[in-house]
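One chain, chain A, links the two complexes that follow: it is found with chain B in the first and with chain C in the second.
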Partner chain A sequence: MNSTLLAVKAVSKHFGGLKALDQVTFEIRPREILGLIGPNGAGKTVCFNLISGVYKPTAGEIIFNGERTQGKAPHQIARRGVGRTFQIVKPFATLSVLENVLVARGISRYNHLGKIWSSWKSRAEIRQALEVLDRVGLADLAHRKAALLPLGNLRRLEIARALIVGKRLLLLDESFSGLRHEEILQLEQLIRNIRADGITVLLIEHNMRVAMGLSNRVVVLDHGRKIAEGSPQQIQQNERVIEAYLGRKGHSHAA
Partner chain B sequence: MNAYLITIATLICINAIVACGLNVIVGFAGQISLGHAAFFGIGAYSAALLATKAGLSFWAALPLVVVITALIGLLLGLPSLRVKEDFLAITTIGINFIVEAIFLYIPFFGGALGIGGIPRIMLFGVRLKGLTFFLLCLFFLLLVLAFCWWFSRSWGGLACFALREEESAAASMGISPVRFKLLAFVIGTAMAGLGGALYAHYIRFISATDFSFPVSVLLLSIVVLGGMGTLWGPVVGAVILGALPEVFRPLVDYRFLFYMLLLLLMIRYQPAGLLGEGSMVHRVFSLLLPEGKK
Partner chain C sequence: MQLFIEQLLNGVAMGSIYALITLGLALVYGILRILHIAHAAIYTVGAYVGLFLFKLSGSLIIGVAGSMVFCALLGVGIERFVYYPLLKYPPYVPLIGSIAVMLAIEELCRLVAGPQILTFQAVLPFPQFQIGGITVSSTLTAVYCITALVLLLLWYITSKTELGLAMRAVSQDIPIADAMGINSHLIVSLTFAIGSAIAAVAGSLVGIYYNQVYPTMGTVPAYKTLALIVVGGLGSVPGAVVASLLLGVAETLLIGYANIPLPRDALAFIAMIAVLMWRSEGLLGSR
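The block that comes next holds the complex of A and B.
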């Protein structure tokens, strides 16, 4: 088998004159958790949107599971087993929590005109959707309208949906932000369990303790460029990373 | 029952069928359409032409009418559904005016004279008129409602709901936005075609102005008043907006004033429509049925 699940090769994304992402290259290996970190505006979410098909890269190649996927639409990439969450949560607000998850369960049907006419209200479907909700700790709220959930639960709901879609790769965009301490601990455990199930995770995270604690490897972006890559220990001691986050050492003193 | 009431009830039924179609587009899939009367008209004109020029019976022509309307819906939906919200509203208004102009200016469609002499519908050797025609419309309305109910429980319907709520999230779950918007559009226009065919054979003389822009506004008002995305909303809306003009007949010149007032009151007090989420009716029913499954 392939030793790379996803390869991002010299990918650039320009918005007019702004180079949101400039010649970025990295790889994700199967069954690892790769952390993607960087200061605000570094291009992390742009990177997610390129991988999940929301944007087309200006240049470069994205290869998922041996297939070039750049330029494919989000629904086509989802069908290849890439699940994602959104930094700004996007629940289906008027649907119930259970229905939100059921939407994701339909992924194998939406591409076949003949398979979309049967009912989603079957006992088996609902039971399996409840199992996923149970896994993220939302089973009790299954029949609540999604619009009524607080942020922490909405993030879990997004992970539940992404888990169903992301049989191969899970893209988590700041899933920890806005969560309380206990919620963070639960979610960390959940992500470890997900990896144990053989799913690869790409994680954008601002919370350094979480990012360093969960990731096997870390890629650091700054101003659209990759400035470092390595194990969490290596990254924590990397001069350029410290500089990107804290400013140049001694620079302000010298002035 | 007297003929006057039956006439009104029949027209309400036809409006409800067409509005159910619009509800699939606007209420289920969340795509605003202000040109639904165009497809109502396409249905009516195809039925009229197939009956008068091709000599087909209503029953032979009906499947053709529905398919023709749905195909034109698919064709016009392809470019329209690439734009969103306000732009989609304007595009669909445009479609309405273009279709009306085609009916009006191309001689094949009868021009300003319209098409007359449309035969009555025969069923088991009986000529349908009055009460029997009303029952036929009622039958088709129930059929359309059954289909809407079924669709709302199908995976396709669920995909449409998801698109209505959050398009990018829906796409990240494998739902092709274009495909499912088109699906809703085709279903909705097919229902408009059915309504048009019934209308043509009921009125038996149609002209382009029957399907002009104000009719689209009326249809959208029916859906909004009844409750977008609900099953019975279009029926309730059609009954109210069909009966009100009759009730207010002495005030015929001020009728639109009442429409406006009604719409403003709805927007202020019942924004989700009479049967929508959080409406008075909805709340009363939730009180009566505290174990409500949803």
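The block that comes next holds the complex of A and C.
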């Protein structure tokens, strides 16, 4: 195995005249937790959407597990073992919690015209779905309609779905936002366990304590550019990072 | 009493046919939120292709099966080349596209097969029943059996199979479904294929039922099925079926049996207006 799971190489994404992402390069090594931080509008979610195939890059290369994946459709990238959550939680509202997870479990069958007719309600499927729900602490609510869950549980449901899809890489987009303190502690432990199982994690996080505490390395974006990369300690002392965060609050700064 | 029961049986058959035509529309609305007017044109093509292949082969099974395949491909073609590229625009844009496709296909049928009414003389290979003094013709038996079979198959697909689960996921949120590894576009295409194949069955069945096939046979169903999916609840397949059966029975009993002086086709729209005024989510709709 090579020492890079995902390589983002000089990737740019322009929307008309707006350079949402400009020549960004970074790598993720297997079994690490990489934090992606930056002020609002820095391009973090755009970066996620490029990796997961929602957008095609304007320029640059994305290599996942030794294969160029830019330009591939989201479902093709998901099938290569990339699971993701969304900044705004969107469960399949009319399905139950268990059914939401079962949708993710169908991943090996959806694009197979023979297997698509098989049943999704088999005992083995349900048992394995319940195991994942148990892991995120939602097993008790398996038969509840997803629309009825409070935010904290919805975030766990999203992670459960993403965990099934993301056998190799998990992309977590602000999974901690809006959570209570004890929920944050539980989720941090869950993510550490996930990494211990050999899954690589890329997380976007606004909560600095969480981002610095969980990440092995941190990449900082500002206005679509990478301004720093390093260990949490290095990032916390980095002049440009401090300026990017404080400059936003204080003086008006020319972009 | 005997006349009443006979009319009731006819009404259920009428409703079954409405259901077969409306199913495709309900499926498509459910997954893409598009009013697929051109679905009624697929139904017309289904009747023509069924008739043509039946005359060519002498076998009704080949005629209907061939028509199902042809219409499935036609439906997927319309989805790929008309609706999918228009999805990024507001909903009235695909709606206008749909009306254009509807008219184009009707005219194409007129050009290819001529404006005259063609006869579809086929005996449906179903038994005839005699219960008391009431005869259930083989045509009626065929309509009941085929509709029941189609509904059963569709129920199985949507509620039991992986495809059905994927359809539910795609109908709720395409980006999330994609992130779960679902090829949403493939699922949408399969939905069109299934709905269009059912329309082919409906077209052939109606052609035989009335013994006529003509280019504008889809015009009234186009508007009536639209009313039916509103009455049933937009996007609700069971709602569409219930509304269709109710309408078939109501049309036959109120106008055929009770002789209420109303044009037969007005009933669907009166029901639609009533639903929009008092229960805008429809009979079985949510929200």
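Following the convention adopted for this analysis, the second predicted complex is superposed on the first by the 247 of 255 C-alpha atoms of A that agree within 3 Å, B and C clash if a C-alpha of one lies under 4 Å from a C-alpha of the other, contacts with A are read in each partner's own complex, and residues count from 1 in each chain.
Note that in this section a residue touches a chain if its C-beta (ideal position, glycine included) is under 8 Å from a C-beta of that chain, and two chains touch if they have at least 3 such contacts.
Quantities reported herein were computed from a predicted structural model and do not represent experimental measurements.
Novice: Put chain B and chain C onto chain A via the superposition and say whether they clash or fit.
Specialist: On the superposed model, which is not a single observed complex, chain B and chain C clash.
Novice: Touching A:104 in the superposition: chain B (first), chain C (second), both, neither?
Specialist: After superposing on A, A:104 lies in contact with both chain B and chain C.
Novice: Can A:119 be said to touch chain B (first), chain C (second), both, or neither?
Specialist: In the superposed model, A:119 contacts both chain B and chain C.
Novice: Quick check on the superposed pair: does A:127 touch chain B, chain C, both, or neither? Answer first, second, both or neither.
Specialist: Touch status of A:127: no partner.
Novice: Applying the touch criterion given at the start, work out whether A:181 contacts chain B, chain C, both or neither, answering first, second, both or neither.
Specialist: A:181: touches no partner chain.
Novice: Check whether A:96 is in contact with chain B, with chain C, with both or with neither, and answer first, second, both or neither.
Specialist: Once the two structures are laid over each other on A, A:96 reaches chain B alone.
Novice: In the superposed view, which residues of chain A touch chain B and also chain C?
Specialist: Residues 52, 54, 73-75, 78-79, 83-84, 86, 90, 92-95, 99, 102-104, 106-107, 109-111, 115-121, 161-162, 165 of chain A touch both chain B and chain C.
Novice: For a test of understanding, state which residues of chain A touch chain B in their complex under the given definition.
Specialist: For chain A paired with chain B, touching residues are 52, 54, 73-75, 78-79, 83-84, 86, 90-96, 99, 102-104, 106-111, 115-121, 143, 161-162, 164-165.
Novice: Going by the contact rule at the top, pick out the chain A residues touching chain C in the complex.
Specialist: Residue positions touching the partner: 52-54, 73-75, 78-79, 83-84, 86, 90, 92-95, 99, 102-104, 106-107, 109-111, 115-121, 161-162, 165.
Novice: Name, in rising order, each residue of chain C that touches chain A in their complex.
Specialist: Touch list, chain C to chain A: 157, 160-166, 168-169, 172-173, 175-184, 186-187, 190, 286.
Novice: Contact residues on chain B for chain A in the complex?
Specialist: Spelled out, the residues of chain B in touch with chain A are 150, 153-156, 158-159, 161-162, 165-166, 168-177, 179-180, 277, 293-294.
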